Structures are given as C-alpha cells and as structure tokens.
Amino acid sequence: MASRPWLEQYDQSIADDFLAANDLQVGLSHLLGIQLEHFEPGELRASLEVTPDLLTPIGNLHGGTIAALVDHVLGCVLYPHMARKQWAATTEFKLNYLNPVTEGRLVAVARIVNMTRRTAVVQIEVSNGDRLAAVAQGTCMIVDPKPKSEA
Amino acid sequence: MASRPWLEQYDQSIADDFLAANDLQVGLSHLLGIQLEHFEPGELRASLEVTPDLLTPIGNLHGGTIAALVDHVLGCVLYPHMARKQWAATTEFKLNYLNPVTEGRLVAVARIVNMTRRTAVVQIEVSNGDRLAAVAQGTCMIVDPKPKSEA
Amino acid sequence: MASRPWLEQYDQSIADDFLAANDLQVGLSHLLGIQLEHFEPGELRASLEVTPDLLTPIGNLHGGTIAALVDHVLGCVLYPHMARKQWAATTEFKLNYLNPVTEGRLVAVARIVNMTRRTAVVQIEVSNGDRLAAVAQGTCMIVDPKPKSEA
Amino acid sequence: MASRPWLEQYDQSIADDFLAANDLQVGLSHLLGIQLEHFEPGELRASLEVTPDLLTPIGNLHGGTIAALVDHVLGCVLYPHMARKQWAATTEFKLNYLNPVTEGRLVAVARIVNMTRRTAVVQIEVSNGDRLAAVAQGTCMIVDPKPKSEA
C-alpha cells in the first residue's frame, strides 16, 4: 500500500458542514437530487435517485447524469483535506460507462489517490445495486482564495 | 488529411428529425435546455444557455453541465451516419476543463474522428464566447436494435 | 462489491504460457525489459527495472515507459479469460502520473473492472517502492481470430 | 476561433536547439528513434520509423510505442513557449487507438489547445500514411527550475 500523507490532514467539521448543506444545494446538484451521504478521510459517498425525469427515450439513465455526479464528488471529496478558504477546481476527468442504469439509486464513491498542496487525483466508482455503472479518474487543482490571473 | 469514408454515409433526414425534436426533448437534455443547432456530415453543433440555476455557489457553471453536454453531442453526432434502427451507446469519454464559465451560451461542436460499423471516436470543443471552456474525446458503440446479451 | 461473472472463466494454462514466454518477448516489451510476474483471476502483476537507458536528461524515468507498461498489462491481463484463438486490442486508455520515478523497479498491477464477451475495462496501478507512480484506466476489444473488415 | 494569447510568446531559438539535438537524444526517445521534425508557434511535428523491432508477434506496432510518442511530443511542444529554465511535466493524458499500424512512419502532430503560466492542454494526432493511428489529449504542468517540495 502506498503511503498517503494527506490522510493526516482531515477536518471532520468541514465534512459535517457539507452534509448539513444537502438540503440547501443549488444549481446542478439540486436539479439532479445529489445527496452527499458519508465522508471519511480520503473518501466520500454520494448518491441520487434515478427518476423518470432523468431517463432517455429508450429508458436508460442519460450518461450525462452519471458524468455530472462524477464531476461533483471529484471535487467535494477534497474539501475536508483543504484549508477552509480554498476551493477545488476540476481540471479534467475520464469515465468509462460499464452497465446501463434504468432505476434505483446511483451511488458514487470517490477516493483520493494522490494529493499535494496544489493538486489531487481522485478515482470514482459509480454503482447501481450490485452492478458497476461507471468508473472514473480525474484531477483537481487546489486554488487559494484570491485566484491568480492565470487561473 | 486522413480519409473519412464514413462521410459518404450521411442521412440528412435523420438530422432533420433530431432538429425538429428539440422542443420535445425529455430527461436531462430538457432539464439543461440543450438545443441541437446544426448537423452536417461528421459534425454537430449544439448549445445551452448558462442560467443562474446551473451556477455553483461561487458563480461558475457546474462542470457537470459541461460534461453532460459533451456526453449528449458525443452520441447525437453519429445518428445521421447510422441506420435508423441502431442506437449509439457512449462507452467512455475524457474532458479537460480550460476556462471557467459564468454567463452567456455554452456551444459544443462534435466532430467524428473515426467511425466503423461498430464503433466511433468523436472529439468535442465546448466554447463560451471567444474562449474554449473544454475539450473532450470519447467513444461510442453502435448497437443494433436487438441488443445482444453481453451489451 | 459488484458481481464479477468473468472471474469464473479463467484458464491458468494460458497464464502459465505467458509467464513461460517472458524470456522470448519481442518488440517493445523486450526493449523495455517488461517481466510478467503473476496472474490470478482478474489480475496481473508485471514489472520492469528502471535502467539509466530509460531516464530523461534530468534524471527521471520517461513517462512514455510508464505509458507503454500500462498499455502492455492492459491487454495481457485479459488473455486467461479469453478463448485461445482470440486477441485483445486496446482501444483507449487514460493515465495520470502521480510521482516522478528515478530508480528501482516499476511495478504495474492490472485489474479487470468489467468484462463482456466483446469488451473489457481495466484499471492499472503503477508503483515504485512505496509510492504510486501512475494510475490508469482503459478499454480493450476482444477480437475473434478472423478479424472483420471494419476491425 | 478562440483567442490564443500564448502564441505571442514563442522562442524559435529554443525550438532550434531541440531540432539540433535530435541526434543526441537519450533514453526512451533514442530507443524508439523519435525525430523532432518541425516546430511552429503552438505546434510540433515528430515521427519515428516503424521497425520490425517494435512489432508485436502478430505484426502490429505495439500500442505502447504510440503512447510513448504521444507522451514525448505532449511535453516538447511547450518548450519554445516557456522560459529557458522551466520544464514541462506531463500530469495526464488519454489516447484512443484508431487503426492498426504495421509499417512506414508514425507521424505525431501536437497542438497547444490552452496554455497559462502554470499549465497547458495539448491535443495530438498520430497518423500513418493517410490513416489516423491515434488521437490523444493531455495536460502538462510548467515547473520552475527549483521544484517545490510537493512537486
């Protein structure tokens, strides 16, 4: 097992604030009904309900919903490991769709693979019941409160 | 310039059907307000308006919206090059976010890079005014009407 | 844990043939000194020695060596799960470099995330001592002995 | 067309130094016979000869060679746009293989899609004769001469 020094920098109170704000979510995460469920050092679990509103005409969940959930947890998992004033800017990710989804809940688990003061790489598994729906891997930049001109 | 044999198989009537169905869109593409704008052989342009509903608390467009738009055009660009009974299943994509988006329209242009009878690779540029917001690259499987058991 | 039906189709004699052929390797895997070390259902471990020949002028292992190792194990892990006549064609992968490598051995572990009769998704961890050097994720097509014209 | 401010910062003398050093290449680029051919603002063309040494037992070029060429040009294209003391560290890339390669030359063209003072996104097309062999997209960090502890 590789060493994971970032695990020692974890602020549960930030995680608790994110969980408490589930009902206050705005924007895309609200539209999609994303619920943050559980934080622990290096890991976040979140989910959404597969409602008829999110299905394509052929009855499958639109891949874009899975991609949006991936993007959301990719950043959120980092906050308890960052200073309160910083924010996480996703710079890139890649995902593979593995099985179609038609109903039930979509559950994403994000795990930090590597983290420095300025960047982090995260892997995400998205499951639906006992099947994997997608796996993903991406990068965030950790940005200080006053963004530089090149940000 | 590489040869592009798939350009010779293009059915404008399928493209026209997609354009005519803009107002009938359901699911995620309706939630996000995605409008298909223009098809030509090997290419599709689509867009959505950056509404306040899609912004994060810090005022940027949620990356998940961009990812969902990418996922949507990645499949749609292929239909006029396929038989009417087939469908395009996105198997994977990767995107890089380049500049934050706060207002205006988000315009995606999808171009087919390679296409066989069973698979296609597509690149997508997403712009916002005169700036690139994201670039992406992904794969679709082209599936016959009666999906096989392993699909 | 998601169900993994492909684990039940595993032919150790194919794995043994790959291991026995380590000294007969040709082409890129020979140039780079890749050694296949251990197969088990759904998993393959392989490694190479970081020789001075593979370093860049600033003394780091060239990322291309890591990418080549990733590409190699991405396909090889599948063979014991396939029929003897088939072959695995990598269609895409993505990797994130996590830490620079300067000496020692580079060890890759490939794990099958999903596998059907025609396609497989694999994740790879590349480590160097107790540090991760890279993580990767990619797709193979499983091709029958007589490739179709569109292959 | 998106604005490309980085094109105005281009030092042809750095490009010339890279071209002059083709015969002095060490490490992986020497093993693979990579030749840098032409630099212009935002773009680099490089190639290698598909020798029998690089083929797999079934006669195709090993995908790892293509991946290594992609990794190499992804960083090199940036140097004429950077200060002489800086170096480009590839952080991630993704590639799609499009057509098998068996002989001839492999030609990669890398184009800068976005570049700031600290990071750059590059797209690469790899062709073989009149066919595309692969397309790729990746990110580099631009690192100052004295790397920080977290680098």
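We call the chains A, B, C and D, going by the order they appear; numbering starts again at 1 in every chain.
By our rule, a residue touches a chain if its C-beta (ideal position, glycine included) is under 8 Å from a C-beta of that chain, and two chains touch if they have at least 3 such contacts.
Note that the coordinates shown come from a computational prediction; the quantities given were computed from them, not determined experimentally.
Novice: Could you tell me which pair, A-B or B-C, is linked by more C-beta pairs in contact?
Specialist: Per the contact counts, A-B leads.
Novice: Quick one: point me to the chain whose Cα centre is farthest from that of subunit A.
Specialist: D
Novice: In angstrom, rounded to a whole number, how far apart do the mean CA points of subunit A and subunit C lie?
Specialist: Comparing mean C-alpha positions, subunit C is 28 Å from subunit A.
Novice: List the centre-to-centre spacing of subunit B and subunit C in whole Å, with centres computed as mean CA coordinates.
Specialist: For subunit B versus subunit C, the centre distance works out to 31 Å.
Novice: For subunit A and subunit B, what's the span in angstrom between their mean Cα positions?
Specialist: Each chain reduced to its C-alpha mean, subunit A and subunit B end up 23 Å apart.
Novice: Residues touching two or more other chains, restricted to subunit A: which are they?
Specialist: Counting only residues that touch two or more other chains, subunit A contributes 91-92, 94, 96, 121, 139.
Novice: Touching residues of subunit B toward subunit A in the complex: what are they?
Specialist: So the residues of subunit B touching subunit A come out as 26-29, 31-32, 53-58, 62-65, 67-72, 75, 87, 89-97, 100.
Novice: Flag every residue of subunit A that touches subunit C in the complex, lowest number first.
Specialist: Residues of subunit A touching subunit C: 1-3, 94, 96, 98-99, 113-114, 121, 123, 127, 130-132, 135-137, 139.
Novice: Residues of subunit A touching subunit D in their complex?
Specialist: Against subunit D, the touching part of subunit A is residues 91-92, 94, 116-119, 121, 139, 141, 150-151.
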